[in-house]
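Paired with subunit B in one complex and with subunit C in the other, subunit A is shared by the two complexes that follow.
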Partner chain A sequence: MTIEFGNPDRPNSYIGKTVPRPNAGRLVQGRGRYVDDIVLPRMVHVAFVRSPFAHARITGIDAGEVKSVKGVLRVFTGKDIAEVCTPWVAVLAHLKGLKSPPEYPIAVDRACWVGEPVAAVVATSRAAAEDGAALIDVDYDPLPVVTDMMSALDADTPVLHEDMGDNLAFRRLHEAGDVEAAFKSAHKVVSTRFRTARHTGVTLEPRSILADWNPAEGQLTAYHATQAPHMIQTVLAEHLGVPEGRVRVICGDVGGSYGIKVHVYPDEVATAAIAKIMARPVKFVADRLESFTTDIHARDHEIEARIAVEEDGSITAMDIDDWTAIGAYSVYPRTSAIEGNQVVNLCGGPYDFKNYRAQTTVVFQNKTPTCQYRAVGHPIAVAITEGLVDQAAAELGMDPVEIRRRNMFRDDAYPVTSPANMRFEGLSHHASMDKLMALMDYDGLRAEQAELRKAGIHRGIGIASFIELTNPSPFMYGIGGARISAQDGCTVRMDPDGSLVALSGVTEQGQGTEAMLSQIVAEGVGVSPDKVRVITGDTQVTPYGGGTWASRGAGIGGEAALQSARALRESILTVAAAMLQTEQSRLDIRDGQVVDAATGDNRMPLEELGRIVYFRGDTLPKGLPRELVQTRHFITSDYPFAFTNGVQASYLEVDIETGVVKLLKHWCVEDCGRIINPQLVDEQIRGGIVQGLGGALFEEIHYDADGQLLNGSMADYLVPMAAEMPDMVVGHVETPTKESMLGAKGAGEAGTAGAPAAVMNAINDALRPRGAQVTEMPFTPERILRALGVLKD
Partner chain B sequence: MSEAFRDRIDITLTVNGESVEARVPVGQHLTDFLRLELGLTGAHASCEHGVCGACTVQVDGAPIRGCLMLAPQADGAEVWTVEGLTDTAAIKDLQEAFVAKNALQCGFCTPGMLVAAKDLLSRGGVPSRQEIREHMSGNYCRCTGYEAIVDAVETVAQARAGKGAA
Partner chain C sequence: MKASVGGYARASDLQHALELLSGSDGLGRVLAGGQSLIAAMNMRLSAGDLLVDISRVSELSGVSDAGDRLLIGALTRHVEIGRNPLIREYAPLLSQAVQYIAHAAIRNRGTIGGALAHADPAAEFPACILALGATLHIEGLTGRRDVAAEDFFQDVFETAIGEGEILTGISIPKTEANEAQVIEEVARRSGDYALAGLCLVKRSAGHRLALFSVGPRPLLARSAMAALDRGDLEGAAEALCDDMDPPSDTQASGAYRQHLAQVLLRRAVARIEGANA
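Our next item is the complex of A and B:
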């Protein structure tokens, strides 16, 4: 029996409705339980001594004075930890040529970035551990540093890791069609250099782990702020030499992740190793400086790009040369080649053209490692693509919306394969653009802009179409050898009182996973969502799954939940048919009641069925199946990824005297397939947009030439605040994926993917009459004034 | 590190309407005192240098950064945290509006946000959206993009002024 999603009046119609989040009430009362809130008996705290040099040999560690600090229990060096924990190498087989040296939880003889752990101090309180760490005397012999991206491969640049031979971590060239010929015969060619700044995620809850080794049970339990509990289980087991089945990762409330908490961090693994050595619970919570120097960074790219267009605006070719510097190591186990790889995969994404060349060059340097952060590679690829398209339109004297309409894949063209070899099942670029135009009153806004320009007010309108990669299959990581599950599972059970418990392998990071799962299970079985208790984030309890990343929770975890709920519904009806002596097909479950499917008349409440099954099973026919627990797993198989699409618009004002940008309004129309909870989707889009706006206007990690991180505090690394942010209008087109019954695709990254490009194009739209253009993010007042020629030094 | 750092001091204060006596390290900030000594984990340590607002609590009627105030400075003070404000239903309408508007995602900033919003609303009247945005700018949220928070605060302000339903 299928669900008539098109009929809003269908019974149990919770999918597609805004229902309350079961966990929100707890969080507004301060009753969240984040890792730092957990206190265990005999718990101790660890603080790390971190390298103040970007590159240095460790020649000696003197911990003599440390024991004088009351509360300090032990000191660990890299060598101590290496005795119980093996190093890792973050490469994947499908990223051909990717190389990275072995990385240890605590540096053994050489530190490679400012902030790398070089020793650990364990004490009865965090304060005592920090006091102890301050007294550790480490002798360093500074080594030459590699800090500039574009000269990393030059012959006279030192090689960061001798064993690697050179500073090249990864390079990939993709070529389709005849790019050179297309550029030769083009009506116009536009070339631009783009830069995106090094960002970090700035989760308000710092990275946190509380690891507890119980030698009597032979079990390691890690309370961990993570997005991927099963992945962490595997990693801790493998590197600490504990059977996988004896590692339990529990992920309760997580205070923001955005990709930051999906990676393996040396200090967190060291914490688990120390717990194993000391046989007692050890807690590590990063402080804010540690967050800035050791949370993964991202988006440090420089790109030379060009586009070829015909007189009618048709795009004939794009040519992208992307460079990124990933820091000292590729990050385990997802690797740091993915972001550059995504730039190659995603540039030109919305457009139907033939000739495409893109290369990414990924180099090592003595800085904090970079890795996957929300919308991995998308903001870069979208900025390149949409920046080029806008500049081409300006060259041709064409409206930026018109040039996009002439080049976007037709809405009836699917399935298609892009020049980057991405396969699209079904997108809606034109419908989305049409909806955006109506929502923002594009023509009216253009008229207002022209009118204000006469008064010397410089406003700009920026458009950015985009695609977003969601619902990843094993093609993302599994085929490369990583034990990262693309499949996810859900177990749904009915208890005697007729209530349901759903256990899912995807996790809650605040995006509303538990609400989404509760409404899917509620509709799938036929109860109200408040009758569903959702349990996530415990590897010993939930089905094995991938967790939260690449916008997979709703599309993959949600489908597993729907299938298991439908299976449970069948099981319940099998019992109900026997009890009511009717055919199963004549029965349905609605609002917690077994009903007559034709008339809707109540036949029996679920709690009565529960009472009979659990306590009076003797009254049921012998051999009658009575399994009120069902588990299903789901994995995508028709397409490597479920692409979504959308288009954003930014309306802003540039003060040409100060260079300050004021965001006036922002729009996003996106197509994430079936919408399960409209409010939660809109809020994912809004939150994502603001993270993108941060990258466009404020966020930039600064290093000096010696590899010192210069702005490691929230006062110095700017993130968006409420006062600077605009209201955002969000609209939707729904093109459900046919891969699943649910039809949901992801929505977590669309906002971040498109917002920086929309802002860039809007600023350049405002500046164009003054002959100025900016392509280096973030667009600070200084950069804008330089573009305007006001600042010249 | 000096000997003085390890010195402790006796303080007496009121926390969430209950009298508290404690001997605290002189260098311990209020957030750590509330969290570690009293088990009040609603206020969160995030930046610990006064920027993000996740540790905001109410001290003698004003919103205060718990990370910038030492516990000894709270001697004699009246402190309210999200736990106490919940128990007394002082911010019930705000909490309900935050849930209704989904003005929180991960929830880590939320207790601080609520204290900051309570302060704005205690001034009466219906602030403009920009005034709400300015007032809430001392509290970072990395999840929501702020609009839902502004919506929630605005809704409560209007309801309290009798101009709309919360």
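Our next item is the complex of A and C:
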């Protein structure tokens, strides 16, 4: 039986509607339970001594004075932890050539970035642990540092990890068609250098873990703010030498993740190791400075790119040379080669052209490691692609919308494979563009822009089409040997009172996963969403799954929930048919009642069925199946990824005297397939756009030449804030994926993917009459003035 | 990080506060609105302080009319400065400045005395009172003294307040009939400290121009003031370069700050002229 998604009046029509979030009331009433809220008997706190040098040999650690601090219990060095915890190497088999040295939870004899843990102090309070940490005297022998990306591979640059031979972590070249010939015969070639700044995710709740080793049970329980509890279970088990089945990861409320909390962090593993050694609960909650220095960074890329176009605007070739520096280690277990790899996979994404060459070069340096952060690689690839397309249009004297329309894959071209070998099942670039044009009144805005220009007001309109990778299959990590599940599961259970409990392997980070699951299960079974309790984030309770990353929660976890809910519905109806002495096909479940499918007349409330099954099973026919618990798993198999698409537009004003950009309005039309909850999708898009706008205008981690991080606070690392954000208009086109009954693809990263490019193009649209162009993010007032040639020095 | 505090005492009145300070062996630290001090303590940039909380000392709060001058108590909060009718009438520069300072929650707690004593070179109030030619009233156990704004700000976070002393308030000459006061700044985000800013006061006696966020303390741009008095705006903009040598940091270079100061000066003058036209 299928669901008539097209009919909004169908019974139990919760999929596609904005329903209240089950956890919202709890969170706004301050009844959330984050890791820091959890207090266990005999719990202690750990604080870390961190390297003040970007690269130094550790020649001695003197903890003599520390024990005198009231409350301090114990000090651990890297060697102490290494005795109970093995190091890890973050490589994946399918990323050929990727290398990285073994990394320890606490540096053993060499620190490789400012902020790397070099010792840990355990005390009865965090304050006491910090007092102790301040007294630890570490002797360092500073070593030469590698900080510059582009010279990392030069012969006279020191090699960061001697055993690795050189500073190259990974390189991949992809080539399709005859790129050189295409450039030679092109009508016009445009080339540009792009730069995207180092960012970090700045989650509201910092990284947190409370690890508890119970020797009596031989079990490690970790209360952890994470996106991937099962992955963490595996990692802790493997490196601490505990059977996987004896590690339980519990992930309650999480205050935002954005990819930051999907990685393995040395200090968190060290906390678990210390819990095992001390046999008592140990808590670590990063403070904001630790967040800036030790949360993964991302997006530090420099790109040389060119595009070849014909006179009619058709793109014939793109050539991308991407460089990124990932810090001192590849991050475990997803690796730090993925972002560069994504740039290769995603450049040119919306366009139908033949000749494509892209190379990514990933190098080591003495900085905080980088890894996957919301929209991994997308903002970079979209900025490159859309920046090139806009410049080509300007060279040809063509409207930027027109050049896109001439090159985007036709909406009836699918399935199709891109020159980067990405397979698209069904996208809607043209329908999305048409919708955007109508939403923003493109022609009207152009007229307004021209009128204001006469008055010396410099406004710009920027367009950015994009593709977004969602619903990953094992092709993302599994085939490379990582124990990261692409499959996800859901168990749905009916209790005697007719209420439902859904246990899902995907997790809630604050984005509304539980709301999405509750409405799917409600519709799948036939009850109202408030009858569904959702449980996520407990490896000993939920089905095994991947968690939250790569915009997979709704598409993968949602489909598993729908399948299990439909299965439960069938089992309920089997029992109901026996009780009501009718055929199962004549019955339906609506709003918690078993009803006559044809007339809708109530036949029996679910609580009556529950009462009979659980307490008077003797009255049912012997042998009648009465399984009111059903579990289903879902994995995509037809395509490695479910790509989505969309287009964004930015309208802004540049003050050409100060260089300040004022965002006036922002639009996004996107196609995430089936929309389960319109408000949640819109807010994902808006939040994503805000993060993209942060990258475009504000966010940049600064290091000096010695590898010292210069702006490790909220005062100096500028996140986007409400006052600077424009009104946003979000529109949708729905092209459901055929891989699932639900048809949902992901929506979590589209906003971030396209926003920086839209802003860049809008700024350049504003500056073009003055012959200026910016391609180095963030577009600070000073960079804009320098592009305008206003500053002399 | 967790703050590491040496101790805390709440003063009941000014005398009590001064006694607590003098009895603290040099470790005493005045706590007013806490909006700069607590942040510094939470980064352990300041540790071991014996906090003397003056926030309940009511005699240090409020705005009063003292004939040709306006008296503002050190504990008057930013939000009150922004809405006080006396200030709006007689020192509108301060009312205008409030919108640029931080965010509502911080303005509800931060005090003008704290902002002046903290002497952040990028802060608005220090430049305002410099442009206004205010006098600062400082008290210690040994007595009271007055310091001109020109002599008060000494270096980054350094003022003329001596050990054991408390800034009790400031007095400002009331605006003249045709006086104009404007503040202009550019910040990366609303509520951020400015990349550069200036306060321009135009009186019958001449212009007073104070720059902020372009050096170690708020600066009176004397050469530019002289040029403005001559009616030479472009000369004033040129002269600004002699008046300052702004630092470079992760937000902006010195050259950008200098350029910005020139743009802001033209805008400030245009605003005054526009208002008079």
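In this text, the second predicted complex is superposed on the first by the 793 of 793 C-alpha atoms of A that agree within 3 Å, B and C clash if a C-alpha of one lies under 4 Å from a C-alpha of the other, contacts with A are read in each partner's own complex, and residues count from 1 in each chain.
Following the convention adopted for this analysis, a contact is a pair of C-beta atoms (placed from the backbone, for glycine too) under 8 Å apart; a residue touches a chain by one contact, two chains touch by 3 or more.
Quantities reported herein were computed from a predicted structural model and do not represent experimental measurements.
In the superposition on chain A, contact of A:204 is made with subunit B only, not with subunit C.
Residue by residue along subunit A, subunit B and subunit C are tallied for touches, and B comes out ahead. In the superposition on chain A, A:36 contacts subunit B only, with no contact to subunit C. Once the two complexes are laid over each other on the shared chain, residue contacts for A:605 go to neither subunit B nor subunit C. In the superposition on chain A, A:177 makes contact with neither subunit B nor subunit C.
Once the two complexes are overlaid on the shared chain, A:131 sits against subunit B and subunit C alike. Using the contact criterion defined above for the overlaid structures, shared-chain residue A:16 touches neither subunit B nor subunit C, since it reaches no partner. By the touch criterion defined above, A:52 reaches neither subunit B nor subunit C. Of the two partner chains placed around the shared chain by superposition, subunit B is the only one that A:28 touches, whereas subunit C remains out of contact. Shared-chain residue A:511: touches subunit B; no touch with subunit C.
Subunit A residues 127, 131, 134, 287, 713, 715, 720-721, 723-724 lie at the interface with subunit B in one structure and with subunit C in the other. Touching subunit A in their complex are the following residues of subunit B: 1, 5-6, 25, 27-28, 35, 40-49, 51-52, 54, 81-83, 86, 95, 98-100, 102, 104-111, 114, 129-130, 132-134, 136-137, 139-150.
Within the complex, the subunit A residues that touch subunit C are 125-127, 130-131, 134, 287, 289, 657-660, 698, 700, 702, 710-711, 713, 715-716, 718, 720-721, 723-724, 780-782, 785, 790-793. Here subunit C touches subunit A in the complex through residues 1-4, 43-44, 186, 188-193, 195, 250-253, 255-256, 259-260, 263, going by the rule given at the top.
The residues of subunit A lying in touch with subunit B in their complex are 20-21, 23-34, 36-37, 69-70, 127, 131, 134-135, 201-206, 253-258, 285, 287-288, 509-512, 679-680, 683, 686-691, 713-715, 719-725, 727-728, 751.
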